[in-house]
Amino acid sequence: LFGEDTLPLLERLRGRHNAITPGATNEEDDRIRSLVEVLEETGLGELTVEENGTRITLRQQSQVQQVVAAPIATDAPEAAAAPNGTQITSPMVGTFYRCAAPGEPAFVEVGTTVAVGQVLCILEAMKLFNEFKAETAGTIKKILVEDASAVEYGQPLFEIDPSGA
Amino acid sequence: LFGEDTLPLLERLRGRHNAITPGATNEEDDRIRSLVEVLEETGLGELTVEENGTRITLRQQSQVQQVVAAPIATDAPEAAAAPNGTQITSPMVGTFYRCAAPGEPAFVEVGTTVAVGQVLCILEAMKLFNEFKAETAGTIKKILVEDASAVEYGQPLFEIDPSGA
Amino acid sequence: MLRRCLVANRGEIAVRIIRACRELGIESVAVYSTADKDAMHVRLADRAVQIGPPAAADSYLRVDQLVSAALTTDCDSIHPGYGFLAESTELVKACAEHDLVWIGPSAEVIETMGDKAVAKDTMRNAGLPLVPGSAGRLSGPEEAAIVAEEAGYPVLLKAAAGGGGKGMRLVHGPDEVRDGFLAASTEAEAAFGDAGMYLEKAVINAHHIEIQVMGDGEGGGLILGERECSIQRRHQKLIEESPSPFLADATLETMKAAGVAALKALKYSGAGTIEFLVGEDQSFYFMEMNTRLQVEHPVTEQVAGYDLVQAQLLVAGGEGVPPWDGETRGHVIEFRINAEDPMHGFRPAPGRIEKFRPPLGPGIRIDTFVEDGATVPPFYDSMIAKLIVTAPTREAALNRAARALDEFVIEGIPTTIPLLREIVDEPTFRAGRYTTTYIDEVGPSLVTLGEA
Amino acid sequence: MLRRCLVANRGEIAVRIIRACRELGIESVAVYSTADKDAMHVRLADRAVQIGPPAAADSYLRVDQLVSAALTTDCDSIHPGYGFLAESTELVKACAEHDLVWIGPSAEVIETMGDKAVAKDTMRNAGLPLVPGSAGRLSGPEEAAIVAEEAGYPVLLKAAAGGGGKGMRLVHGPDEVRDGFLAASTEAEAAFGDAGMYLEKAVINAHHIEIQVMGDGEGGGLILGERECSIQRRHQKLIEESPSPFLADATLETMKAAGVAALKALKYSGAGTIEFLVGEDQSFYFMEMNTRLQVEHPVTEQVAGYDLVQAQLLVAGGEGVPPWDGETRGHVIEFRINAEDPMHGFRPAPGRIEKFRPPLGPGIRIDTFVEDGATVPPFYDSMIAKLIVTAPTREAALNRAARALDEFVIEGIPTTIPLLREIVDEPTFRAGRYTTTYIDEVGPSLVTLGEA
């Protein structure tokens, strides 16, 4: 029903912006690198960015960058990872569907062990139905959104325990 | 030159508002009493007034007033009393004269020991020349204002050492 | 042109005057009591002089301290604002004695208009319509009964020296006259030191509508349009607007002609307001003249595109009345935001303002003296800000007012904002069908006035 | 009438649109990147949807995310504001596909006006005067030389797809044509992916003056007066005013007639701006048409007493163009306050605003999205506030501007306020005798530009 070609949105997002999968330190490093670019382009003395529950501060000092990254408290949708688990957040604005069509079984349930690339849900945006696949293996601990409800960018959809894979 | 009848302003001020002479505890008590009246009239829960270097906080609590008075830091003319001395502040807006007429000797100099009621200076307001007399005896430690300069209400004019009387 | 002006007031009107001075290149000197040491007007003025302790009687009401402050700072003029000494002939005379320009009409005009009975005589002679009633002060309850009979009941007994509802009694029939007179007279004696009373026919379902004038001191000047001020609570205005949603065009024209006659009769100089009582049938009667700037002057400034405070300064400085194109445009409503608790009988609620975020954007004017961390002292008037909205139509102005009041954030003290917000959506007010009895009649149905 | 509107923008213009929605009873849905989570527009809207990470390309420029946000929140319309996707036919078309009302002119008009060469052809056909130059795109440097000879030197080479000064060269004589063409063309290719060039006579001592239109979509509408926008730095406007202190009444009338012709030719719907280059001799030439709201729209709103954003919403909702009395009144000047450091080459200065105290009082309008504690992110435009002053005369407006800029407190980041304040008192600006070269000529004499 939903060929691989229906996922251009998702692919573009993934290619461009790794930071949307939280907890992954490499992505954070990439984000810091891109912020350093901003710092250099703009000639700023200092730059602080708070996103995804982390405050990053960069300070220019005699041509030396100091980089500080620290988690911050936040009440936004992209809240910090839950204890014993990692949150999987929505990469887009759209409608969240747990199954491929009404009456069909859900892609995942609490307790389902998923492999990398396994479909977790459908995210519908502009009448395009995008399969959303797992980027890490693990066990689904919680499903955080009701079926057929609207989700925004960065909103936590699932809680997954990577150690449970 | 300046009869006693030229001092109505000063007398009225003295009679009405004792708090203008700092450091006098009785006056502070009176001020607190008047503030308690304000508190009761207005039905306030709490009232804080900062004036003359003192912060007074009143809090209504089940019909019981708590009264707290504490000196505060300020950079206004009516600054807190200097160490080893008491400031004498101006009771009015006007022009400060150290002597009765040009060429005549000053009423007081640094080191002059003054008695209660002794003229300290002339304060001219609206072309009326008001003798300003000492309310406490002591020794003049400092003269804080230049001759013939404008002064405002509460501005320190002299520093006096009461123990030096 | 004036050179340096002492602003003999505090609060939002001191800020307003200081801004006008700055825009005209006139230096301003603020005065302040020890309670206002950190106030905005002190910060915005070119200089500031501390004049006394918190009590107004010992500071802002002290003619000698104000004049002395003006003289020691080399001012050439004094602007009194409104309230305090704005209608004090003592201050006007002290200004004259010390070669200071008084920004306002002459002492004679202030005195004439300050005594309500004399004011009415003067305006009657100038041809203005008056509410039927006594020709000046009453000799006693006996004369009151005779005059009441002529004017027709109900009648109002009022203090000759009064204001703000003190020394006032509504009398419905002959049997109430004697007691009403004596009680009101006693109250007037206590409040104003003057037991004198007068009487007039009570106009029912009345509107309070006033016109703004700017006299040139030679009998001419401008009539800048009307303000509808009928939304009052205990004789205190809450909301003012222009144009009046009630007044007929023809009535306004007649009222303006009365204003021209008044300017001529008084040779009035500077800003003034002529208040009229307007009946259901558009009949109108002179009530009083305020010989000063009013709280609600921005309503006229916005609708006429005319700066009244600058005009005051220019007229007083001998520059003449600035020209006006004679046109009013759009609809303007002013809301008074008071540090009062409408949920608890409007008791004054002074204190520290933790957060002050006025609404901004199109059609919004805010006149205020408070900001984050400011203290509203308990010693003075409770008004802390005026919200003035301007829009092409009354409906658009009301919608803008709703938006602005929703946006307005004041934390730390309760204010009248919830009451004002409720009135904006109240059907009678929305429809513009309100009179001076609005708050009495509609108030009980409002959540914010339910407990009052 | 629209019911619920997605505001596809951020910053002060999102706040402006949300306010207009609220005043019309239209619900508003804000969108925001993760960098704008705590922004004012998010707080003021009825709802808000997070649409992506900080980079605009991944959030405010994502047609799919915006449309999805509109659909999932049951909006019936999208307002694009200015910048970002305001002139994106992709978004207009996506709206049509998903039954969303686009608040702006048709995709066809946007496309026509978006290509400068096509735009000029269209306006020439409608009868508007054009700067002498090439009829559309040039085939190469050889044609450029021929056309330049006809138009007369100096000439300007410009990118067909350009804007903001990129791909532009001033050529003084025949020997400079070839190199100038190739350099500008390469720059245009890099900046816009389109190397196409056109050429026109350089108008010396030129003014940039624009007129505001509001089309009814059927060839009619309003011409709401002009804005003088000649105070620019590197092609970015700093100050705009109306009326223009330079434009003759007769020129304005002819310009308005050109606007009427343009509305008719395009069957233009909603708000638009026609920019003209005006020579010393009052000759004027069509430059371009912006098919959207402009940053400086409040200048016209104030001088005309007309709400342009409400009008946009009403026109798009099928209510027609709201009436206007056709009169402008007083003088209005807008100052753009940017988070930039004028003492250090205007480098952007994002950061946390510790204290934000806008000036208030008469004749002051502030459009902003910042407040105490707000963060200006480094990812977007540096403009943080607009100060719009209104007064009866230009002199009064300048004096008011000086007062307001003096009162304005922004702590935490440097802004352009000191530069603007200096310009207000600069004699050439005061006298109204400035052209588009003002900053180049006068700048070096200003303290705030001395180091730039």
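Note that the chains are named A, B, C and D in the order they appear, and that numbering of residues resets to 1 at the start of each chain.
By our rule, a residue touches a chain if its C-beta (ideal position, glycine included) is under 8 Å from a C-beta of that chain, and two chains touch if they have at least 3 such contacts.
Treat the numbers as computed from the prediction; the structure is a model and nothing was measured.
Enquirer: Name, by label, each chain that touches both members of the pair subunit A and subunit D.
Expert: The shared contacts of subunit A and subunit D amount to nothing, since no chain touches both.
Enquirer: Mind listing the touching groups among the other chains when subunit C isn't counted?
Expert: A, D | B
Enquirer: Hey, which chain ends up farthest from subunit D, C-alpha centres compared?
Expert: B
Enquirer: Using Cα averages as centroids, what's the distance between subunit B and subunit D in whole Å?
Expert: Computed from C-alpha means, the inter-chain centre distance equals 60 Å.
Enquirer: Taking each chain's centre as the mean position of its Cα atoms, how many Å separate subunit A from subunit B?
Expert: 68
Enquirer: Report the inter-chain centroid distance for subunit C and subunit D in whole angstrom, where each centroid is the mean of the CA atoms.
Expert: Their C-alpha centroids are separated by 42 Å.
Enquirer: So that we know how the chains sit together, what is the shape of their touch graph: line, ring, star, complete or other?
Expert: Looks like a simple chain-to-chain line, open at both ends.
Enquirer: Let me make sure I understand the interfaces: which chain pairs count as touching?
Expert: Touching chain pairs, listed by label, come out as A-D, B-C, C-D.
Enquirer: Of all residues in subunit B, which touch subunit C in the complex?
Expert: Per the stated touch rule, the residues are 9, 13, 16-17, 19-20, 38, 42-44, 46-52, 76-78, 92-95, 125-127, 150-155.
Enquirer: For the complex, which residues does subunit C have touching subunit D?
Expert: 15-16, 19-20, 22-25, 44, 298, 301, 305-307, 309-310, 322, 325, 327, 329-330, 357-358, 360-368, 371-372, 391-392, 396, 399-400, 402-403, 406-407
Enquirer: Going by the contact rule set out above, which residues of subunit C touch subunit B in the complex?
Expert: 34-35, 37, 49-55, 58-59, 64-65, 67-69, 71-73, 94, 98, 344, 347-352, 375, 377-379
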